[in-house]
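One chain, chain A, links the two complexes that follow: it is found with chain B in the first and with chain C in the second.
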Partner chain A sequence: MTAAQTGEREATAPPGGDAAADPLLSVRNLQTHFFSREGVVKAVDGVSFDIKPGEILGIAGESGCGKSVTSQSILRILPRNGKIVGGEILFDNGESSVDLAAEEADGRVLRDIRGKEIAMIFQEPMTSFSPVHTIGDQIIETIRIHQDVSKEEAHEQAVEMLRRVGMPNPARNIEEYTFNLSGGMRQRAMVALSLSCRPKLLIADEPTTAVDVTIQAQMLELLRDIQADLGMAIIMITHDLGVIAELTDRVMIMYLGKEVEHGTVEDVFHRPQHPYTRGLLASIPKMEPGRVEIEPIEGVVPSPYAMPTGCKFHTRCPDYIAGVCEKQDPPLTAVGPGHEVSCYLYGGREELE
Partner chain B sequence: MLIYILRRVIVMIPVTILISVIGFIIIQAPPGDFVSSYIAGLEAQGDIIEPELIDSLRARYGLGEPIYVQYWRWVSNFVEGDLGYSMIYREPVVDIIAQRLPSSFTISLLSLILVFVIGIPIGVLSATKQYSLADYTFTVIGFLGVATPNFLLALVGLWLLFSWTGTVSIGLYSPEMQNAPFGLAKFLDLLSHIWLPALIVGTAGTAELIRTMRANLLDELPKQYVTVARARGVKPTKLLYKYPLRIAINPVISTVGWLLPVLVEGEVLVSLVLGLPTIAPVLLDSLLQQDMFLATSIIMILGILTLVGTLLSDILLAIVDPRIRGAV
Partner chain C sequence: MREAGGRAQMEDRAIISVRNLVKHFPIETGFLRRQVGVVKAVEDVNFDLNEGETLALVGESGCGKTTTSHCIIQAQRPTSGRVLFRIGDAAPMDLTQMEKAELKEARRNIRMIYQDPYSSLNPRMTLLQIIGEPLVIHKMAGSQEALREKVAELLRLVRLDPSTMNRYPHAFSGGQRQRIAIARALSLSPKVVIADEAVSALDVSVQAQILNLLKELQNQLGLTYLFVAHNLAVVKYEADRVAVMYAGKIVEIGETEELYTNPRHPYTEALISAAPNPDPDTKNRARIVLAGEVADPGNLPPGCAFHPRCRYAEDRCRREIPELVEVGGEMGPSHRAACHFASELELAGISGGAEEPEREQA
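Let's look at the complex of A and B:
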């Protein structure tokens, strides 16, 4: 993707958040690859997006599409064999713009941002806390890493945050271990942990995947409330399109490390353009009477070691154009205000000779 | 917690009784007794033994009686602190054990400390730098350590020490210190002798601990709470010590207890080779010559050591791990 294309996107900022504001986080052409004995896996291969203060962005796609790796790249908490090989992750820390991709992974700059400016919540609340430390211990630790406060003050702040996320008895809950808490309480404790320093950006990596539906609903409600309360931006990473529809302003759909479509939730859900997005939406079970079958996307996700050439989706695409799609990666094409698609059906063919 | 400890102590009572019964029966199981092997020894030297002497010896040690009577007499004396009389050493068993057990303990304790001081850091290094040159090197050394018999190491150590310094380090003290009163000089002399046996006795344990530590830590490192802590801005070194290491070390704590008797037994051949005045060679002698009171007493003491050690481990584990505390 070229700089001109990302510039174009800023000009057509979608609703949600402050449209006039500069982006809080701007990911440009991010490439994160994994190196193993079997070969190189291009988990994220040229992804760009912006998020403005207070905005909620959804990133959706199947397992293995690179959505979690994208979030791990931002905080530089990739597994040992994962490396950012290209692109920029520009974060506005209030004074200047820092390129997180260029900093040392566990260095001072990143450590100061982690937990304070950008926080993250993960899939399983049970395993997010150390089983042999109280939840309070870990919340207070985070507060004291980033703020110069006494133990008592940090303790107070922690209790306050637990109250805010709706823990029934914060003063007592703070002394508890995760194995003493119910599933819903663990979720809340985890949210309290990530929000303990009031971050500007919260990355939620599949926070609703490993829990049952009632807790899932509570979680979404909690995130919405907290977001209204504290006003941070949220990146919601999930494979669950229902969650995206319910919570986010904008959405980016990913397939095999590439962005295939992005736009407002309105646009993407009601006017999906990319064949993959259409396939995803068609594969959601419907509640209409008399209709039981869902329409799965044909074929299987290719092996990460044998990626198709050109458009990554052409091997499964119902609208595959022979002689075009397998040649080169399709560029992003605007199909409406703030709505872009990476597909030759909508343009970019003239650039192929 | 107190109830937990109390319950554990009560459970120990029947186990101790069981150990005493099994120990006693096993020692009695081989055909013959001390008197017959004693007489065989005398006859081998050409002495002629009067049958009356045999009978009087048997009567003196109560060997002619049924096994349960013998067991009962032994066990009731044992409880009162009378461990019987050693037939080979011609000394009360209590005295022999009192002379020898402290050296055994000192060597075992020092071994234990060496095992931890060497094993844990290397295990941590191996795990955090997995598949590095250091990891591979220590893996090879570790396997060698587990596979090499202790007595061989003792011989090699002895030979190396001799070729470097010209002294033969036999025993725990220099000859001139052997009968000196215990003081700083004697203590320093002890230290200069004890490190070799302690190191040798601890080799297998160290190698094993390196492997255990490495595996435990490798299990913990990819866990989500580690990533979460990293994502909260915790410093890498503090993160390692506070979270995964703390949890990876728990299984090690649970083995401390029964490591102690294992080390005592592990000394047998090392003590024989290095000529150390520990309990282990005495156990071997007493078993060979069917010195039943001595052998049974040592086995009993090792058994009780194991039980107490396990209890201590469990209490320690409950202190460091709230999940166990919650379950008791």
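Let's look at the complex of A and C:
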């Protein structure tokens, strides 16, 4: 399976390279802010990235970095006090390019795309399902909202999808309620629901965080297999760099609403450039023989209401350059093909003066 | 105090010895709460916690690791079995036989740190109250002035600013709150600290700070840790010895490096294989993905509880429950596994670091 899978993935999306394919989704300078009594939180503050058809992109960072808000912005399912205040989210729906950021959140365009073209899976499968309907009814409903098929056809499609995600007895499982299913089976049912309309893009927001390691391994294998099978693009959002390394082609590391580094997983994990990326990688205990020391990043993540000026990481950065880093946001600088870093160590200082 | 027999029952270096520990929860149904079954959360667990070491209990949810730790501190009374605790050269005491007043005394020496520092700290108490409370309860505080001094010292110990002692937990981040919880746990100068998933809820950069802090405190104060966790990489970093639990039993126990490089139980092998490694080069490695899910402790399969998921299972495994037996050669430290084929199977442990040259960061 591994060879076939790798082949497929490489055929559809050469990692890091300038593929001929146009991006499926192109996020340009996205800014999503939250408004509350205490002030404005710039949860996502100028993030840009592309994802090509069939590619697996990871978005990684610690709590509060804006990775989940980025995904909620794409699907326009932000909490009420969150607002996209700038930027574009261009989605190629096959015929033309739509700016999801400019559409009404509950308008026709978004409702057609959500669940059909772009689907999402969450950390807790119970939140994706209604507890009072069978999983089959819910999958069939989703199929019939987006496709013009009969009940019987939709039922067949639903059984087929449950079979694909490895439910042990799809014909029977389709009649079950979520509370009858074990944690791992619920996760599978959630994947089946999200993929029931064959989306072009699947956003997975920490889908393996709340599960045990053996179930996590099953889930990662399932996502890998189903991606090879159906060929959709995946955005994997997680704080777990192990999951990123196992699953994704490219990765974007975020810190306090900003993109700090992106590139192929190989570049970012083997040749990390940004001091934050290096710090993160040095903080993780490794599954390697012998004693491998870990080095924490000093200090704490600043309060979102009192963000540092300039580079958001400068208050904790071991390579902090006084008189430079706190002045302005560092620009993204290319350090290799498809590998960009936002840090003054690699350029951008000339423009400061 | 009740004494529990002679010293013979405890290993020389042991500070806590768990013997045949069993914890069953009844499954009740209906208005009359008729008992229809039993959840065997912990089933005949034996181990020694040696003075000054870190012993990790690892396993997936429902394996009984947390229940075991609760039964040690008597937060839950075990169904049967003994928990022997000894300070210095004193005679061992059986915690399971103690009354409330005696337990209070013993619990001064065994403290807990919990997973979620957002729910384990009372939001209406200041740091002074949170950290000082155990001292007040055990009447070790003396004057208000002495209490403040002691709390300030504890805050410095966990690298927090003593001037913050009149603030409330909400003013602190997750990592700082966990430091507060540690300061509270250490306030009575305990011998043993049970850390139940103490770093699981933290971000990685902060998790690393707490892991290192726990190690420093251990060296500084001579603490003994029982480290309950599910993250194998974290356990590898923190623990001297590891006990792997599955469905209420210890299936393998040994020194960390030995157990990770040379696992002797198929479940340990699978856990190690499944742990995601932050190295893209291992992306396409052959991974053991266990089918199915953790055995239901309310309805355990016959024989070895792991057999339905085990790729090496044979007939014998479906019938006979394997004993936890020595597998590590006659020399060297003890390494025990509960598998009928522990001595025959060739299982894979962690590898990679040795054959690959160290990758330098640019």
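Some points to look at:
In this text, the second predicted complex is superposed on the first by the 330 of 353 C-alpha atoms of A that agree within 3 Å, B and C clash if a C-alpha of one lies under 4 Å from a C-alpha of the other, contacts with A are read in each partner's own complex, and residues count from 1 in each chain.
To be clear about the criterion, a residue touches a chain if its C-beta (ideal position, glycine included) is under 8 Å from a C-beta of that chain, and two chains touch if they have at least 3 such contacts.
All values reported here derive from a predicted model rather than from experimental measurement.
Because the two structures share chain A, they can be overlaid on it, and in that overlay chain B and chain C fit beside each other without clashing. More chain A residues lie in contact with C than with the other chain of the pair chain B and chain C. Touch criterion not met for A:Asn173: it reaches neither chain B nor chain C. In the superposition on chain A, contact of A:Pro285 is made with chain C only, not with chain B.
In the superposition on chain A, A:Thr142 makes contact with chain B only, while chain C stays out of contact range. With both structures placed on the common chain, the touch criterion links A:Leu220 to chain C but leaves chain B unconnected.
In the superposed pair of complexes, A:Ser68 makes contact with neither chain B nor chain C. When the two complexes are overlaid on their common chain A, residue A:Gln187 makes contact with neither chain B nor chain C.
Remark: least CA distance from chain B to chain C after fitting both complexes onto chain A is 8 Å. According to the touch criterion, chain A has no shared surface contacted by chain B in one complex and chain C in the other. Every residue of chain C that touches chain A in the complex is listed here, in rising order: 60-61, 173-176, 203-209, 211-212, 230-234, 236-238, 257, 260-261, 270-284, 286-291, 293-294, 349-354, 359, 361-362. Contact residues of chain A toward chain B in the complex are 75, 77, 79, 106, 111-116, 119-120, 122-124, 127-134, 138, 141-142, 145-146, 177, 179-180, 193-194. For chain A in complex with chain C, the residues that touch the partner chain are 2, 6, 62-63, 182-184, 212-218, 220-221, 239-247, 265-266, 269-273, 278-290, 292, 294-297, 300-301. Across the interface of their complex, chain A is touched by residues 222-225, 227-236, 242-243, 246-247, 250, 320-323, 326 of chain B.
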